[in-house]
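Think of it as A, B, C and D in the order they're written, each chain with its own count starting at 1.
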Amino acid sequence: MAQRNKPVTRIAHHTNDAIFVRGENLVDDLIGHISFTDMIFLHLMGRRPTSAQTKILDAVLVTLMEHGMTPSAIAARMTYMGAPEALQGAVAAGLLGVGSQFIGTMEQAAALIDQVRGAGDGATDEAREIATHHRENRLHVPGFGHHLHRPDDPRTPRLFEVAEQAGVNGGHIAALRALSNAVDAVYERHITINATGSVAAVLGEAAIPIEIMRGIAVISRAAGLVGHVHEERRTPAGRVMWDVAAEAIPYQDNDS
Amino acid sequence: MAQRNKPVTRIAHHTNDAIFVRGENLVDDLIGHISFTDMIFLHLMGRRPTSAQTKILDAVLVTLMEHGMTPSAIAARMTYMGAPEALQGAVAAGLLGVGSQFIGTMEQAAALIDQVRGAGDGATDEAREIATHHRENRLHVPGFGHHLHRPDDPRTPRLFEVAEQAGVNGGHIAALRALSNAVDAVYERHITINATGSVAAVLGEAAIPIEIMRGIAVISRAAGLVGHVHEERRTPAGRVMWDVAAEAIPYQDNDS
Amino acid sequence: MAQRNKPVTRIAHHTNDAIFVRGENLVDDLIGHISFTDMIFLHLMGRRPTSAQTKILDAVLVTLMEHGMTPSAIAARMTYMGAPEALQGAVAAGLLGVGSQFIGTMEQAAALIDQVRGAGDGATDEAREIATHHRENRLHVPGFGHHLHRPDDPRTPRLFEVAEQAGVNGGHIAALRALSNAVDAVYERHITINATGSVAAVLGEAAIPIEIMRGIAVISRAAGLVGHVHEERRTPAGRVMWDVAAEAIPYQDNDS
Amino acid sequence: MAQRNKPVTRIAHHTNDAIFVRGENLVDDLIGHISFTDMIFLHLMGRRPTSAQTKILDAVLVTLMEHGMTPSAIAARMTYMGAPEALQGAVAAGLLGVGSQFIGTMEQAAALIDQVRGAGDGATDEAREIATHHRENRLHVPGFGHHLHRPDDPRTPRLFEVAEQAGVNGGHIAALRALSNAVDAVYERHITINATGSVAAVLGEAAIPIEIMRGIAVISRAAGLVGHVHEERRTPAGRVMWDVAAEAIPYQDNDS
């Protein structure tokens, strides 16, 4: 039996003839047999996904890939301007912004969902307590609100639909809906469940642990950033963005 | 008509109600409808893949994801040890090594394949000339040779099989095979087509331009690195790797 | 009067003839007139350092630059192996590990020092309370302890000496000494003030805010990492470190 | 005698009592005794700098630190917005752009300087040949030209002055001046020696090898980027830069 925390790896090994990932033969069982999405699940979770888990993971990876000219995309394009010979550096620069401000919110939303789910029959009360606590302390409720998509973030019902049609019923979506009802009641207005919230719920339905959620976003964003760098190479926009960004921030001396 | 290089983006836009990526409605047409792999193709290429292109891209992304405890994986784990709060930083550190030494080889192999393909009826001669040039100048032929997998890298025939069963016939695989014959003849021994070479060929068959190939590897490796960081969190191996690595490199003063 | 948080920059501006940094003429006043260390202080703090502040900042930057074959240095060297064309990527990879595990400790130590200082006449009691709290909750006291340098980290008395000879007397060193006495008393054994702790104290004496301390470490480590990458280029050690690190972590399947 | 490329390190070692960097005792000989600049030289070159080398290295590090709201600074600020908990990530993102476009130019300028110097008595002819070759092939001459600072980049004469007052006379500045004369003659107009060119020359005078020059820029820029991130924390400008940058790049569909 393996000792806890003994330094081993369970990911991959090879012989002269064969390569194995998570115990499966890369050439015989994986290449040409499973999708990239299923391979991601297998790598991260150590087992193949169910059909429902594949559908959810695909939906989430598709949802998170692209958000237009975000700070991440701008960082990647700025970096590409200075070092076009190192595409990996431009993508890495963009990924470095996938931190607490967006993903932290997803992780916190997932934690609230777990809290409501864990309350069992007391879920409604738990949800109300959470909403009240946030309102009273003037805290933003993670997973709720969107500056643009009002009254509702269109991604949320679609993600729920995909997950529910796939047949999952782990209570994560139900818990988030309970929280949503409580939020609307306590704040006395409708606040949308945003993509951060709904992604947290459906990843929960796919049995993805909270601690992996940031990684899912990183994978998806890596793809989106490759796309931005590729566009920057073909039709450069970085120079113009640099100019307007620099102009927008005037110099002011210390005494002003 | 758009002026060449005019600073626009063709990737994404949105309204209050809807988000569009590459002209398709994210919620109505993409989430729940297409796989992550197809979304990657759509984002990068501006059009949906054919069924054959999907199969090839999946096969390549599955092939490149994991190579065991590579320098990239070690860099990611070392970084995670110092900053476990920033998973994105550990993944970024690992990606920064996806540069000329591995991917450059893939890009160079793709360029040679294009060269042989472009020679038309003279492909055999062109291949022989390339092989001869490399041998005479003691250059490594990009896409050939493997320190471990002998006589043959098992990934190569599998990637060819997947592409050929998918029905592509763009001449990239044929060109690489012609080059392989020439290499064996000129070097007077069998040198395997490695995964770098076969990936270059099948991505060519999928109409992926050379300049995007590094990006495909970056996306796939991002997923593998998330897996390594996740394992490092659960069962830390970094401390032991640090200790043995540091011990293996003794100090020597300048005068020795 | 400037509005709070109004988007301006106070760092640099230029005309056709001249470049200004923090209000000083780069060519007339700075190049050839001030040291890199003073320029760092000027850039970060918006004013030139006193002679004492220069001495402390130099001492800290010299102290933090190099720690041998650390995880950061290994990450940089691993990255360099894959992308030797992008030295900046290797250095960036190494810097990404300058996170909570080392620097977070410095920031926490600085916060404890401020807490003790803020207690005025009650400093001794405050220090004792902190030490007791940490011991009772089995928490590591930030800035204390070293796995190798026993009984004392030699850098600590030297940093104190440099600061004291420079003539500072802001109470940060005194507060850390008070905390050290409390720690020894509460833990009933001598626990060294490590470099993390003493750096926090002397940077405090130099009026460097806690929030900048991590940045000081990043600057110093950047220099050390450039040195490691340069050595890796001249006399490669990465391949050997990779081999021993990979060998040290055997594969184990999931069922074991 | 050490075998060439034997995997050893010559940088640092330690005992229980002492830490040594490049053979010098960190506590007894370095902390409080040498400046950060001298420590950088010692770490990179394995020996202490002469007084002239210190002056030049200080001047270069001061020169390169800050260039206003550059793509690097924007990338760092964009990254900070997403992950303010990881300052090291924001700095790393900014450093990733320190690549071929700026630094490559410095390295190429240094190579041209070496070429002219190596021509000895034929330096004037060599310089003229280089200038002619660039003009005829419509190539930009590395180290020459500036979009803003005309007729002359003010940093260049100052860097020469600092180096010459320090007493160096290695021929690098003379070679660059010879090249400058040739460029002006061949292009039939005055083209300024820019900071990239003059930095390459004075670093050459300080006996810094070309391969280290990029590292010097990385160290200096790391400091400047810490300053930008610090300002971003205090008075955020990123949001405004994001908004104007995104607005400046309109969406256009593929058919336009």
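Just so we're on the same page, contacts are C-beta pairs under 8 Å (C-beta built on N, C-alpha and C of every residue); 3 or more make two chains touch, one makes a residue touch a chain.
This is a predicted model, so every value here is computed, not measured.
Participant: Tell me, which chains sit next to both subunit B and subunit D?
Facilitator: Of all the chains present, those in contact with both subunit B and subunit D are A, C.
Participant: If you match contact pairs by residue number, which of A-C, B-C or A-B shares over half of them with B-D?
Facilitator: Overlap exceeds half of the contact pairs only for A-C.
Participant: Copies subunit A and subunit D touch; is their interface built from the same residue numbers (over half shared) or different ones?
Facilitator: Since more than half of the residue numbers are used by both chains, the interface counts as same.
Participant: Which chain's mean C-alpha position is the greatest distance from subunit B's?
Facilitator: The most remote chain is C.
Participant: Weigh A-C against C-D on C-beta contact pairs and write down the one with more.
Facilitator: Pair with the higher count of C-beta contacts: C-D.
Participant: Quick check: how many Å separate the C-alpha centres of subunit A and subunit D?
Facilitator: Distance between chain centres: 38 Å.
Participant: Averaging only over C-alpha atoms, locate the centres of subunit A and subunit C and give their separation in whole Å.
Facilitator: Centre-to-centre distance between subunit A and subunit C: 32 Å.
Participant: In whole angstrom, what separates the CA-based centres of subunit C and subunit D?
Facilitator: Distance between chain centres, rounded to whole Å: 24 Å.
Participant: Counting only residues that touch at least 2 other chains, which ones in subunit B make the list?
Facilitator: 7-13, 68-69, 83, 85-86, 88-89, 92-93, 96-99, 237, 240-241, 248-249
Participant: Which bits of subunit A are touching subunit D when the two form their complex?
Facilitator: By the definition above, subunit A touches subunit D via 68-72, 74-75, 78-86, 89-90, 92-94, 96-102, 237-238, 240-242, 244-249.
Participant: Mind listing the subunit D positions that touch subunit C in their complex?
Facilitator: 4-14, 16-19, 21, 26-27, 30-32, 34-37, 39-40, 43-44, 55, 57-59, 61-63, 65-69, 86-89, 91-93, 95-99, 103, 148-150, 154-155, 158-159, 161-162, 165, 211-212, 214-216, 218-220, 222-224, 226-231, 233, 235-237, 239-241
Participant: Under the touch definition given earlier, write down the residues of subunit C that touch subunit A in their complex.
Facilitator: So the residues of subunit C touching subunit A come out as 1-2, 7-13, 22-23, 46, 83, 85-86, 88-89, 92, 96, 248-254, 256.
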